[in-house]
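Both complexes shown next keep chain A, but they swap its partner, so chain B is in the first and chain C is in the second.
The block that comes next holds the complex of A and B.
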């Protein structure tokens, strides 16, 4: 980082089916909470960055930057960024760039999404915009479908069993029990996950993150606070799986994570807890391998051995992750930073003891974009 | 804009320009929740490695052949769907024309063994498994000294007691068990040659065992050569399990009440075997829903050992 960037505070709405709230209601709630928690005045905000994917398709609302800015008394400059499910992470990255360049001193970063107004097939189609329309969408593929292809191949290559795969969602659900903002505050045993309705073989309903509404907002600043962002990296890859060589590894995650470790001067083992992009159970396994926490084919080890809880070997998704806390697409990447912030300031409902360093891993599409943020207690 | 007339026109032009190449299946899935415009029925989609080196996502058709990773597929120009405005969307679907040869490699040199008490559904499950896995699994013939019955479904080979003993002496028979009943004394056994013959043809031998047969197989073939599934009747307690078995034996109507009681005695012994010899079982599967159970065992069997 060319300049030190700190997290002053943040807030999120509950995640879930929030039929009483519109996209704008969600944004307003998160922004008000973030400003209050960070102790700055609204007029201290120099710029606004909002991450959102399908506001246009499902809420008929584009131009979100100005929409948010219009709600602030002094109408600061604002922009919307979109990188599918990594919209939130890329929004944070953009805000870091504004701070590092000296364009701003305090930036309000928002991630927001409203999905549950539309019928499921329309939501599925809208999310599919994150794929390659020429290569993926024409075949009738869906996102669960693409990750189904990946999971099928992974099981074939490495002999992953159905029961082991279910340990991923089971662990994330267990973690969400304590999170008051989570969509599903409920633990679900492995056999129930293995028997849930098929969505895209071999993936079942409880392998998939839900369709959620929600928003999260944070204030980033060059003024010191307890939590510093030590690295902010974004990497990309071909959008379609059909254009890549590997089906079971995401190059973007590998690149972004390596660059982030280098930027922060950390070792992988320095990380005390992480928010991992578990859009599908199989994805969490791939990411752990791509970031080098496990050998190829061994990523499920931490889940299988029950080592992902707060006192485990590698605490993962103390919030419940995308699976159990919910996945309002654009909000996820920002919410991850907020959860890391809570862990590092000892304020998380599912607190990891002595948490000094945290990782937020956020991908878009089939890992065509990956945003990695490393945060530490300053 | 997707699926506008000009977009469809461009795509059709592109399809005409590109030569259609066959390929092999890298992976496949069934979409149970189609996106908008693709109807509501599930369909299969694959990622295909084409012979020209490129890869493509496409829907699969498979009359008769089950898609497998490595399967050979050929392109067929098909109507993918009809849009609300009446326009047709045409494109390639890929037809599975041959199953993957690789699958056989993974299943060589091991035996799928099913063990469970009488009445748990071994025969039914075996029958469903052999039809589900008909392209790569065979049931191993059982040698028995008992008299043939009508409408026998198991692949029994009937031998006399003397022949049976000779097979044991000559070490041809690698596992056997005997069941005492009031009516007759019966022996059952498996021969090494039969299993090796199935292995040689690159297929998976399937055996139905009791604890003695399982022990015998495990000693002669090696424990690691056996994928051993124990079948449990549904029921939370032992009493419920036994009462479930009793119910099944009665509705099956094959035995007299005296025979049922006899079978139940053996079944109790078989249930104890699960606890007494846990090292002999890789998986315990509860047969509460038959299809799910068969699917489960089938999935266990074909994953790379």
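The block that comes next holds the complex of A and C.
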């Protein structure tokens, strides 16, 4: 990076079924909070980047960059970024480029999504736009269906048990209990998860992240603060699983993580906590293997051995992650950065002791896009 | 700009009603052409930026960045940018930031849209996502309706006549005759335009840019070529006309153009030709005034006096512009850069003699976003 990028502050709305708030209401709430928390004036914002996936499909609202910028007194340059569920992480990456290029000194980055006002079939259909319509959608696949196939293959290859799989969601739910913004502030035991309603065999309801509304916003700057972004990497892969050589490993995570470690000059063990993209329980396991925290087939061990809590060997998703904090698609990647910022400034509700280095891992679709950010206490 | 950005090459599909080509077909055609024309290898591409507005709404396809990148052998980082009809121009701006930040050496920038396969009401509804759904859409406005209001006000304020207004589309149609990629390669006299079917009084069918399919792609690079981008600016305004103080002037065009002249160190008279965002005939007139090429109320004079052709006082839309070349939303801003590149390398079908400096002007919605690029022969 040419210019060092810092996080000045940020805020999020509660995540959940927020029937009394529109997409714009959610954005406004997060933006106001981010500006207040960062100690800048609205007119200090040089550019706006918003990550959003389905504002057009479900809220009849595109052009969200200008919509946000129009609400600021000086109407700075603005744009919307979309990379499916990685829209938020890729928006952060784009903001880093604007800062590093010298085009901006302070960038307002927003992630937002409004999903719960639309009927389920419309929401499912809009989310499938993250897949390859010519290959996945026409085959009748949905995202739970795709990750069900992946989980089946993984269980066949590595002998993962149903109870092991349930340890993932159980851990994330346990963490969310302390997060005031979480959609489900409730611990759920493994056996309840294992017996929840079948969705796409072997995945059950409580293996799946929920449909959520919510927004998060942060201010990134070239002006120093306590937290710097030490790496910002995006990598891609074939959109459809049908074009890949493996169902149980995502190339984009491997590439983005390796490049991020190199950019930051870290090694894997430097990471004190992480926000991990657990769209489905099985996904969290794959990601840990793809980033080399575990051998192939061993990713579940941190969960199984109860080592992902704040004092554990590898603290994961202290926010509750996508499963329990919620997954308003475009918001997730930005909220992850906010959660890392809170950990690194010792302000997280579920604080990891002595947290100096944090990882945010955000994927789009079946991992066709992966955005990785490494943050550290400056 | 830190790193100078150059255009290595580019290509476009024909614009039109291309019923036998999908969104992905159009993208693939433009990308293959751009790579071939630029003389690079596909693996030289470090990042992909695609401008697209309604791929989700009308083609069931989001995640277009990864979709393009998945088709390249090395899957470079990729993202989609959206800013309504300025999606293409803003994609170019984002690519400049990636290049200037040092994140990339060669960026593939694509603009693409597929509109004609969907029924008209769906297309109209999807395009209205460029407005403010809480203010414009709920009021029953469509874009022809909005620009009809603007034209009415302008005629009332400045006494513009119907025949004067028709001179705009007539000039753009005349220019398109020579453009093999244009949707309408046909000159149309003023009186036919004036008598075409009413759409939104005073606008008639031939005042309105068409519904089009098409894609354009360019390769931008920090490696020198004959054409450099001397300025890349984006500016914004309130999305809804209802929030502004004037109906007949777009703040974003004023701001972006002033900032662009300053960035390039040019004055207005340095510009030898321009691609202008004539989504409606009245819009072209406003833009010329907002950029200071004419006094308020006088913007039509270049058209009225037949001074916009290749040998005229101010060559405008040698491609035919949005009206006659076509307007596949996200493609337009990228195609404008391609047209400027052709003019500056003396390869345009409708060549302006001794063209050294060119302007691309691209707006989104009712000018809530404006992207301005200034290009020159290096």
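Assume the second predicted complex is superposed on the first by the 378 of 378 C-alpha atoms of A that agree within 3 Å, B and C clash if a C-alpha of one lies under 4 Å from a C-alpha of the other, contacts with A are read in each partner's own complex, and residues count from 1 in each chain.
Definition applied: a residue touches a chain if its C-beta (ideal position, glycine included) is under 8 Å from a C-beta of that chain, and two chains touch if they have at least 3 such contacts.
All figures in this text were calculated on a predicted structure; none of them were measured in a lab.
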item	value
Contacts of A:122 with chain B and chain C, given as first, second, both or neither	first
Which of chain B and chain C A:223 touches, first, second, both or neither	neither
First, second, both or neither for A:246, with chain B first and chain C second	neither
First (chain B), second (chain C), both or neither touched by A:61	second
Touched partner set for A:133, first chain B, second chain C, both or neither	both
First, second, both or neither for A:155, with chain B first and chain C second	first
Touched chain A residues, chain B compared with chain C	C
Touched partner set for A:83, first chain B, second chain C, both or neither	second
Contacts of A:195 with chain B and chain C, given as first, second, both or neither	first
Chain B/chain C common contact set on chain A	125, 128, 133, 137, 240, 243
List of chain A residues in touch with chain B within their complex	120-122, 124-125, 128, 133, 135-142, 144-145, 148-150, 152-153, 155-156, 159, 161-162, 195, 197-203, 240-243, 247
List of chain B residues in touch with chain A within their complex	2, 11, 26-38, 43, 45-47, 54-59, 69, 80-81, 89, 91, 292, 296, 299-300, 303-305
Residue numbers on chain C that touch chain A, as the complex places them	1-2, 22, 24, 53-57, 59-67, 69-70, 75-84, 90, 93-94, 96-103, 125-126, 128-134, 137, 233-240, 243, 251-252, 255, 364-365, 368-369
